[in-house]
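Okay, so subunit A shows up in both of these, paired with subunit B first and subunit C after.
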Partner chain A sequence: MNGAAVLAASIPLQSSSRRLSRERAIRRFRWAILGPFIALLVSVLLPVLFLQLYFSFHQWTVYLGSWWDAEYVGLDLFREVLSDPRFGWAIVRSLAFATGSTIGCFLVGFALAYLMHKPFPGQALYYTIFILPMLTVPVVVAYTAEMLLYQSGPINDLITRMTGIEFKPMWLTNPDIALPTVMLLEIWNWAPFSFIIMLAGLSALPKEPIEAASILGASNWRVFWEVQLPLLRPVILLALVLRFLEAMAEFPKTWALLQGGPGTATETVPVYIFLTTWQYFEISKGAAMSYIVMLLMIVVVLLAIRLLRREKRSLDAMHASSAAGEEPAP
Partner chain B sequence: MRRSQRRRVSAGVRYLVLSLWAIIALFPIFWMIATSFKPDTQWFAWPPVYFPHPPTLANYLNVWFGAEEYAATQYAISSQKPLVSLLNSSVIAGVSTLLSVLFGSVLAYGVSRYHMLSETRMFQLLILRMIPPIVIAAPLSLYYAALGLLDSRIGLILIYFLTTLPYAVWMTKSFIDEVPRELEQAAEILGATRWRTLFEIVLPLIRSGLVATFLFILILTWSEYLLALIITKTNVTTLPIELSKYQGTTEGRVYGRQAALAVGITIPLMIVGLIIRKHLARGFSFGMVRR
Partner chain C sequence: MDPSKDLYGSGNLRNRANGPTWWYMIFYSAGGFTFDDDMNPTLDTPAGHYAVDIYLQDKAVAHPESAGWGTPQMIPRIAQGHVVSCQYWDGTAKLNENPEKSKTTGKWLYGLVPGSDFSGKRIHRSISSPLAALLINRYSPRKAQAAYLALWLGSGKNSIPIVSDPVNTFHDVWAKEQLSAPQVIKAYSAGGIKAIESNFQVVSPPTYLTGYLEFQDTLGKNLSEAYVGQLPAKDVLKKTQEEWSAIVRRIGRSKLKEELASYKALMPKRDLPA
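So, the complex of A and B:
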């Protein structure tokens, strides 16, 4: 302790030189951490982005010899991609898939979380059961779905037995319902995500406004719509945005289960890029497509980030106030 | 209706709805486990067989240990090596996750205490995770081919490390932010370097948070599919890729074998997930939702 006191006493005497050396030390510390990180990012991402740009402007496939001699074709590849109706449909399908599954996940997750946010006997057991689908590897979900959904499989059998009506949709081979089937799988797989986020949000809500409203005689319904829901907005937006972005990138289930088929019924953007590059070996077309999708997604992600940033502020404020409310208790 | 009656009815409705979803959530998992114990005549039977009768270990012995005597010739799968894939998956997921948490927590400390990355940069870091990986997959595989990293463990470890880093930084930062600064100030006054403060005071204090982050990221790296599919060919297949090899064999459907493999892939993940169930919300929301 003596040493500390001496140190503290000596600070005012040589404050400027000490402050300088402290600043220098912090700067060194900063670069020791940031340096390797930036070096790694630059050495991996930069060549990758460069290659992608190169292939978008040079016609090359695996049969054409060395890629660095590929022919420069200007904007031809982009023209080809943008006039390809299959690409347009892939984008439409991806958007439909992401929107539908995001809303589905949210509705299921929110309903479950709302029913569970107050303690009741069995709560922990239900929580454990509800998060299990999220802990199932996506490819496993795909193959298990195949075991469950073939036409005379257990799902159709169970529904037929319970309703007494012959129920035999071809979940995976009917092009009209193949995409909704994958959407249902996505909802089964990821509703737990919305559930845990909404449950955390509901449990962190401040109690006072809700109690005040019900003391004033508001019905449960009004408390929900006019007090709880507005307070939950940041958590809801977070759950929706993150789920939507993940769903836009969904690949393992769609690919492992249907490879884009039947026909092109489940050909989402990731599947179409994969097919173009690794089945048709049109590396350059795939690169041009990737480039367009990347730019579109960067715009979407930047918008999402803007939104998340705004909502994170209110979340932090909420956590701070609930932490302050809890502190005097113990 | 009296108030107590109404409450009993609403509790009943709650249990009904929750149990209904519990059945929906559990049934596919039940089916996978049940199928893994079924003899081959029941994989595809009509009407469907719900409980294996009699249960058999043949699928497990054949798939995991290559026990030939259980391989009815029609379903024989000879070339695959799940145990090798298990080793690959463990090494790749383990090492990349460890790197991610180690590096992420150091970076998070810098951000939390020395504002090394502005809030804008922190959010831009999320781009690494939020852009669909398919858009860089092709150039990445060509770049890897040039570096000789294709079909190698190091290649996958490197890219998993980079794509999970945003989760690691954000999640560990949310733990570090909760540590009071007095201890670090005391350490600084006593002359400890920043590295010592970080490794001997801050990180030990958030030990349980680091474990949670590690296990959370392990879930992501263990189940990753697309990049593994593109970067690995034959040498270092991971378990999800191994599983997809059982698809489209000319012999037809091999549900029982697939299920035995799937159970082996899923059970470790479920154990890990249940250990950190309280931290999952924090993980998936990049630490924005805390509990």
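So, the complex of A and C:
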């Protein structure tokens, strides 16, 4: 073996050890940044979760003295919650609310992001205007909306004047539309969140597939539907899941506006858990409810992770085959 | 009443949080009481159903949005003249009689709450909900200081400016020396003070027991559901009674039976003011 061959043989070894050393350094850096946050989360969140777990297996209310003397009741509380029709209806309302507001936030956010993803004069100003609703405190949104949404208030008046048709719905006191009204407020408040995620996703799209499709004569619609949208699937999924989880936990607007009323029209899961724990002082039942809802959300998150991994695998396969100059697998 | 001019017959509160207060007044004046001596709820009775009927009849003369309105929405409407009558609550008279804030200064007549002959005799019942008091925490390391502060705040010299302020405070008069103070009479009007004095003589508490919030919210939820049409009126009290029974079992029947004596002791001894 000559010197050049020896040198050539040693180069893969050197780059491999350098690569390993680089990977170790990256891992150390990641832990150095994430470590303190994880420690804080663990030290604050875990004790609360364990205490809540304790309460969900022990019957305790504030009337019964020390919490460590509470009676062990096994799964009785979970059985009670799962057979409580009021809890069942609260879940239904929360799911309807979360689904509607997630879809609404996504559609508005994506539309705004699509309009904004190419640079144009004044883009920064529009960006600021579009994210302002997200910076408004939810309780302030609620109290302002209450004044705007009176039957004889400015919103109904404006629509009446614009359309010429008398438009006087009772947004907050008609039990059939009270929950959709809160949903609309939620969409106004949180569409900017979806906007930010989708704008980041659109900005990070590779230009080559889009340019290639345009050069090959694809219309704007086909480029959007068959090139951009499939590439955005992981980002869309992330935006939907994050928004859905937050919408399931929505409390400030619902409580400030309606306290679960009129009747029980807006009694969602967070409202019912609040009433159970802090008005009825059924701490244990509230803890059991919270765990059931948390498990439901964990199922949603695991499903989303599975879908995201599948999307990532298909995107990776597409990149690998296009790099090799082959037709991507369907 | 003329809805086209935004004028409605009633300004009583009918939202989920406050509605029960008005229901209690009707229920008590019909001769009803919330529990028997064994702490069994006694809502699903003729007096209870009478109270639900009267409560729901208000809807025909109330603003359509009253199901969602609390004090911040309703009191200004009363002061601005959009309401013909109401069983009023704290802060209303002072705002009504404040010429800088009200369009109806000097136009109101104040009197005793409506009574009922349902029980066979005339009974009037107003309500103080909940019983407002300055409480000293028995575990406080400074009980004496807190008690002196409470006494100082409650003295005529300090409390009269508070209860006669027409803008910045909410609570109505409560003490005898307040009722005769010139600035209080000016703030409430002579008729308003006379009405408060007569209503005081027949004032009753809401469910004055441990579990007050649970009892109140359960009743409020069911009344609100009936008011907006989600629950038939005939089912309100049966449902409430079942839920109240569960609350009693959870808190402890014997504990509540001990408290029942205090609750009953707070009920007025007369049916009509002197």
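To be clear about the criterion, the second predicted complex is superposed on the first by the 251 of 330 C-alpha atoms of A that agree within 3 Å, B and C clash if a C-alpha of one lies under 4 Å from a C-alpha of the other, contacts with A are read in each partner's own complex, and residues count from 1 in each chain.
The definition used in the following text is that a residue touches a chain if its C-beta (ideal position, glycine included) is under 8 Å from a C-beta of that chain, and two chains touch if they have at least 3 such contacts.
Keep in mind it's a predicted model, so treat the numbers as computed, not measured.
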Touched partner set for A:Leu242, first subunit B, second subunit C, both or neither: first
Touch count on subunit A, higher of subunit B and subunit C: B
Which of subunit B and subunit C A:Thr173 touches, first, second, both or neither: second
Which of subunit B and subunit C A:Ser152 touches, first, second, both or neither: both
Touched partner set for A:Tyr126, first subunit B, second subunit C, both or neither: first
Which superposed partner A:Ile298 touches (first subunit B, second subunit C, both, neither): first
Partner chain(s) touched by A:Trp225 [first = subunit B, second = subunit C, both, neither]: neither
Partner chain(s) touched by A:Leu258 [first = subunit B, second = subunit C, both, neither]: second
First (subunit B), second (subunit C), both or neither touched by A:Gln279: second
Contact residues common to both interfaces of subunit A (with subunit B and with subunit C): 150, 152
Contacting residues of subunit A [partner subunit C, same complex]: 61, 63, 150-152, 170, 172-175, 178, 258-265, 267, 275, 279-282
Subunit B partner contacts - residues on subunit A that touch it in the complex: 3-4, 7-8, 25-26, 29-30, 33-34, 36-37, 40-41, 44-45, 47-49, 51-52, 55, 67, 108, 111-112, 115-116, 120, 122, 126-141, 143-145, 147-148, 150, 152-154, 157, 188, 192-193, 196-197, 199-201, 203-204, 235, 238, 242, 245, 248-249, 251-252, 255-256, 269-270, 273-274, 277-278, 283, 286-287, 290-291, 293-294, 297-298, 301-302, 304-305, 308-309, 311-312, 315, 319
Residues of subunit C defined as touching subunit A within the complex: 6, 15-17, 64-69, 210, 213-214, 217, 221, 224-231, 247, 250-252, 255
Residue numbers on subunit B that touch subunit A, as the complex places them: 11, 14-15, 17-18, 21-22, 24-29, 31-32, 35, 43-44, 46-48, 50, 103, 106-107, 110, 114, 116-117, 119, 123-124, 126-127, 130-140, 142-143, 158-159, 162, 186, 189-191, 194-195, 219, 222-223, 225-226, 230, 239-240, 243-244, 246-247, 255, 258-259, 262, 265-266, 269-270, 272-274, 277, 280-282, 284-285, 288-291
